[in-house]
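Here's the structure, in structure tokens; my notes come after.
Order of writing sets the labels: A, B, C and D. Residues in every chain begin at 1.
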Amino acid sequence: MAGSSIGQQFKLTTFGESHGAAIGGVVDGVPSNIELDLNLIQLELDRRKPGQSAIVTQRKESDKVQFLSGIFEGKTTGAPIGFMIPNDDQRSGDYSHIKDSFRPSHADFTYETKYGHRDYRGGGRSSARETASRVVAGAIAKQILDKIGVSVIAYVDQVGAIKLTNEDEITISSIEENPVRCPNPEKATQMEELIREVRKDGDTIGGCIKCQITGVPIGLGEPVFDRLNADLGKAILSINAVKAVEFGSGFSSVEMRGSQHNDAFLRDGTTKTNHSGGIQGGISNGMPIDFRIAFKPVATIVQEQNSVDKFGNEVIVSGKGRHDPCVVPRAVPIVEAMSAIVLLDYYLRNKSTQI
Amino acid sequence: MAGSSIGQQFKLTTFGESHGAAIGGVVDGVPSNIELDLNLIQLELDRRKPGQSAIVTQRKESDKVQFLSGIFEGKTTGAPIGFMIPNDDQRSGDYSHIKDSFRPSHADFTYETKYGHRDYRGGGRSSARETASRVVAGAIAKQILDKIGVSVIAYVDQVGAIKLTNEDEITISSIEENPVRCPNPEKATQMEELIREVRKDGDTIGGCIKCQITGVPIGLGEPVFDRLNADLGKAILSINAVKAVEFGSGFSSVEMRGSQHNDAFLRDGTTKTNHSGGIQGGISNGMPIDFRIAFKPVATIVQEQNSVDKFGNEVIVSGKGRHDPCVVPRAVPIVEAMSAIVLLDYYLRNKSTQI
Amino acid sequence: MAGSSIGQQFKLTTFGESHGAAIGGVVDGVPSNIELDLNLIQLELDRRKPGQSAIVTQRKESDKVQFLSGIFEGKTTGAPIGFMIPNDDQRSGDYSHIKDSFRPSHADFTYETKYGHRDYRGGGRSSARETASRVVAGAIAKQILDKIGVSVIAYVDQVGAIKLTNEDEITISSIEENPVRCPNPEKATQMEELIREVRKDGDTIGGCIKCQITGVPIGLGEPVFDRLNADLGKAILSINAVKAVEFGSGFSSVEMRGSQHNDAFLRDGTTKTNHSGGIQGGISNGMPIDFRIAFKPVATIVQEQNSVDKFGNEVIVSGKGRHDPCVVPRAVPIVEAMSAIVLLDYYLRNKSTQI
Amino acid sequence: MAGSSIGQQFKLTTFGESHGAAIGGVVDGVPSNIELDLNLIQLELDRRKPGQSAIVTQRKESDKVQFLSGIFEGKTTGAPIGFMIPNDDQRSGDYSHIKDSFRPSHADFTYETKYGHRDYRGGGRSSARETASRVVAGAIAKQILDKIGVSVIAYVDQVGAIKLTNEDEITISSIEENPVRCPNPEKATQMEELIREVRKDGDTIGGCIKCQITGVPIGLGEPVFDRLNADLGKAILSINAVKAVEFGSGFSSVEMRGSQHNDAFLRDGTTKTNHSGGIQGGISNGMPIDFRIAFKPVATIVQEQNSVDKFGNEVIVSGKGRHDPCVVPRAVPIVEAMSAIVLLDYYLRNKSTQI
């Protein structure tokens, strides 16, 4: 496998299944001598935590992170930060009914075929629980980015067909004020209602998240393969349930002409428009970096579904009711985490451009 | 920088600017003992070549690849394949007018700021010419994939507002029969007309490419960060002018419910629908892998544009007329190349799953 | 830093300082479906453990490893194996006397200068305690290698001036029968006496370890940079206190002529002599791989030493008596571990040589 | 294979066999805006070139390097530097006699077994000719290191039994004044005589090279696996014919006591002795880094040798007389090159230690 690491200078390696003893990770390449507020890290985890509101899964997971190394007298030492989050709600019994069955649009079938057997309890490594480790590393990255003036903010922009439009007023500071994490109260209420309705049907619904990174120094990103947008895209596409990502003008650029789409320069090097989404030739240009992400509806639904088991028999599977009807509210901190990890990594990589 | 390589087991490293002596690359990790048809590789390059039709740039570049190593008696030796493509149409004089100016939505400004100076002739490393090296490596990968039954095919799906719909009949074998590389002759004609019109205006237009990979063994891709879709996405987003990528149902999944979106299994492990786009939990499930890519309109336009130079003066810049009015026809082989490189890399990586 | 990982397909990442909460690591790229005997892993740790005999440090560390992920129903799942070893004998008070002082030939000075501050308790990350994590990963690798017929055995070959010669009979099975881990009982007794004597003087002494790997398939190792000997050498040189490594004939080859040194082939592809040490052109040739490693005398001595502190003052430092008088007896399992990690990594990498 | 790259921030990828069209490479991660003297690079190549004196191989290879990219108006652009060295003395006919035979202590057998076939002309990728590409990259690294005050110097310290002792006066500036590259004229003469005598016998002889790196900033190297000595060791062990490497006190440390071996600090952070060889805990401490390298006698000898072919037949093989009787004189610039590559890579990596 050996695919459990991301980043080059600032590197996260994760481990753990949803029903093992613990999940956790190692953050390597942390710059030294930086004061870390461990409470802020826990607060980010709490934003991802099950049971935080009525519209997310009601699983009981305390998600308390324990730091094992790399921090001394409140400051980073430059050594890797090891951490773990014990799994305290394992309830393995819940999963025996799907031991041999392949749930539609889950990774059961691909894992079973690839590895020859699998930890069938909760999806093993494919469980979204793994993303808690990403949130820890992302929270560390965010604190370091904060010291150099970089800010990463994500929010829900669409649930089902309800989406923010250019007419909708957006108040970034209000994102955490509603359980959907949508920065427009009216749309947030509509989204929340839709999610409740979908859940009542034993079903799930998709959604979109927008992410904006501001205060980015000019020059992050490498030409050719390691473009900043390419690695941000990879990091985002590595999140469960993500089906698409678009930067700046994205798919809407297709119908535009060059004369409309080009971002005219102002004398200070900023641009009048930002169709480029803050990245030019793979390198940050100092304008806000923005991108939009599509999440499919969660595959686990309460409704009964026809499926097959590993012996080729037809079976009926159904979710047990503690799953998210819509993933985007809890995915907001995950998107921020992955973005922060990539940004910090590229910030550190860029330091080698000059001797 | 050190960002000029892609892949782990099958790895491409490229070098070269549009106006240096040559561009080229090294393909490392090539499995040994495989017969390569070098003419087929040149044919792929010809599909990307300037001047191939009336609707692409009329620059004269012969784009003849020379192989320098790694092939002996017609077969790969397992050693790295070094290759180069001489730059025979350098005409550096063309670029003196933009020596100090920043062209809108080009990488001039970000390169200048990041590196302190830049090869202003033709965009240096940010030139799309670099992608010729990718096509060479991709053509090698395609021949190897062919031996294991994997096929990678891309085509133009949209130019401006003209797009293929579900009603449009598609004939894969017709892709190369029109200069747009659209598999529907009627739509191809409309697209071609639009491109001619846009060029007459001294302008450019965006477009979309669809890519489909068939015959993929089950099990390619690693959980967590190195998901097959994540690295395909990175590879695609590393192509010039790409603004977005969506897998399977993509952005349309957002408005769907889980009960609609889930791909029901058949007894043989295939699925009735393929909203997943052939990848489940980051791992290929044996169904066709498909994704769709948005290309913005080319930034270089013949029309005059206001801009600034590196001294902060306002200047006027304009393209010199040998640029593509629409990038997608020539981007088709590039998309195929990047996809083939990633697929083969993951095929080889997957061989280590069992001892 | 980001230097806490080793391996490509089989990859170990470690974390932890001697006086933090725990040390541990993540082993990624473990082939799936392999039965692991967790007791055997603990037994390897016990071979490295302080207090195991009268001639090693008498620190009390239970070194009990806890596995957190990657193993299900007794078999590897292919997912990363996370593990931790709690630090149960932290006694941080012991180290306050060296808080600001630089111990001669320790990493105090280099860490302080590089990172701006350091965890002064027990050397932080430079502590040999970190190698316990390597032994865990190595023990996993050894079990997997065992299934493909590869065996890794190391032993003490020299302590101070007492060394095994060609006349000394060696019984591999006797290695664990004496506390020095020397396969010749007579020499072992002499070595043990020397170590006791050195300790009585409040001093330390160097030593050599030999390692032999048998049953290696032909073809492991990559030409050019990733030669099997090059990465074995790196892995060995990354162990604390190692000053040198020689493969096969090593330094003695310098005085030989080609006609003496060349290993003549037998008809079955084996060779009459093995001056090459089992590696030819960076690739295993099927003969036993052997190398010899020099360990300097441990830097921490009970005797008082003149030194300086970080303010430039002259100070006197002395060890507190719980350190190893000679590192080689406890280093034997570490050498085996690092060797096994590299071998398995290259075994897995080699699987991509053919499609 | 995918083992043809070395370095992380400053990265060299090589390609090419001795009898293909050309050898060459790509140097990625070159800091921008640095003036390069291309003549100095060619001069380094000339130090490695065949035919440079009477005691080395008399093959005719002009070894003229051509730079293809990454340099603009005399300065590095930050883009990868691609380069090639045409093979102008291919004489493939010379090698037909060994097409199916395995030369003793060559890589013929391991390549044939690993890859299924091989370029038998001159050893293919295992040819020492590949090291010319390393010298090019090393010469670039040396020029950059020079700007930050780091100097890398190697010389021949031993040929056969003739070795420099502590009594021998050494004049670094005299290294290039004799064909052996030994900094003591008397010993140089003896060595030269020995080499001539060995050649007359149709035989070869081993030797040692010492390398010293001065002006190294404190703090280069990462704890744990990526120790500066570990990666220097790997780079050195990746050179053809190297059998051993020792840092600082090396094998002689084994017989020393800690009280003798420890390097006492002076008030300015330097040390009285330098048994550590300039590296402490894997990190440079500002003292000169020094190491010593053993090269075996060249495997190709003019004398007839018994061997086998790939069909299991007994055959007789013999060299054709254009090989080096002793490798160390020409290996001096290779050792410097590999050392410079590693040093610069770690210098650049270290820039990420602080934000």
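Heads up, the rule we're going with is that a residue touches a chain if its C-beta (ideal position, glycine included) is under 8 Å from a C-beta of that chain, and two chains touch if they have at least 3 such contacts.
Remember, predicted model here, so these are calculated numbers, not experimental data.
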| item | value |
| --- | --- |
| Farthest chain relative to subunit D (centres taken as mean CA coordinates) | A |
| Centroid spacing, where centroids are CA-atom means, of subunit B and subunit C in whole angstrom | 46 |
| Distance from the mean Cα position of subunit D to that of subunit B, given in whole angstrom | 39 |
| Whole-Å gap separating subunit A and subunit B, where each centre is the average of the chain's CA atoms | 26 |
| Junction residues of subunit A - those touching two or more other chains | 1-5, 8-9, 14, 29, 32-33, 78-79, 114-116, 125, 223, 349, 352-354 |
| Touch-based graph of the chains, sorted into line, ring, star, complete or other | complete |
| Subunit A contact footprint on subunit C (complex, rising order) | 1-5, 7-11, 13-17, 20-26, 28-30, 32-33, 66-70, 72-73, 75, 77-82, 84, 114-119, 124-125 |
| Contact footprint of subunit A on subunit B as seen in their complex | 1-6, 14, 102, 104-107, 109-111, 113-116, 123, 125-126, 130, 158, 160-161, 198, 201, 203-208, 218-219, 221-227, 229-231, 233-235, 237-238, 240, 243-251, 253-269, 271, 275-277, 280-285, 294-301, 303, 305-308, 312, 314, 349-350, 352-354 |
| Residues of subunit D that touch subunit A when the two form their complex | 8-9, 29, 31-34, 78-79, 144, 147-148, 223, 347-349, 351-355 |
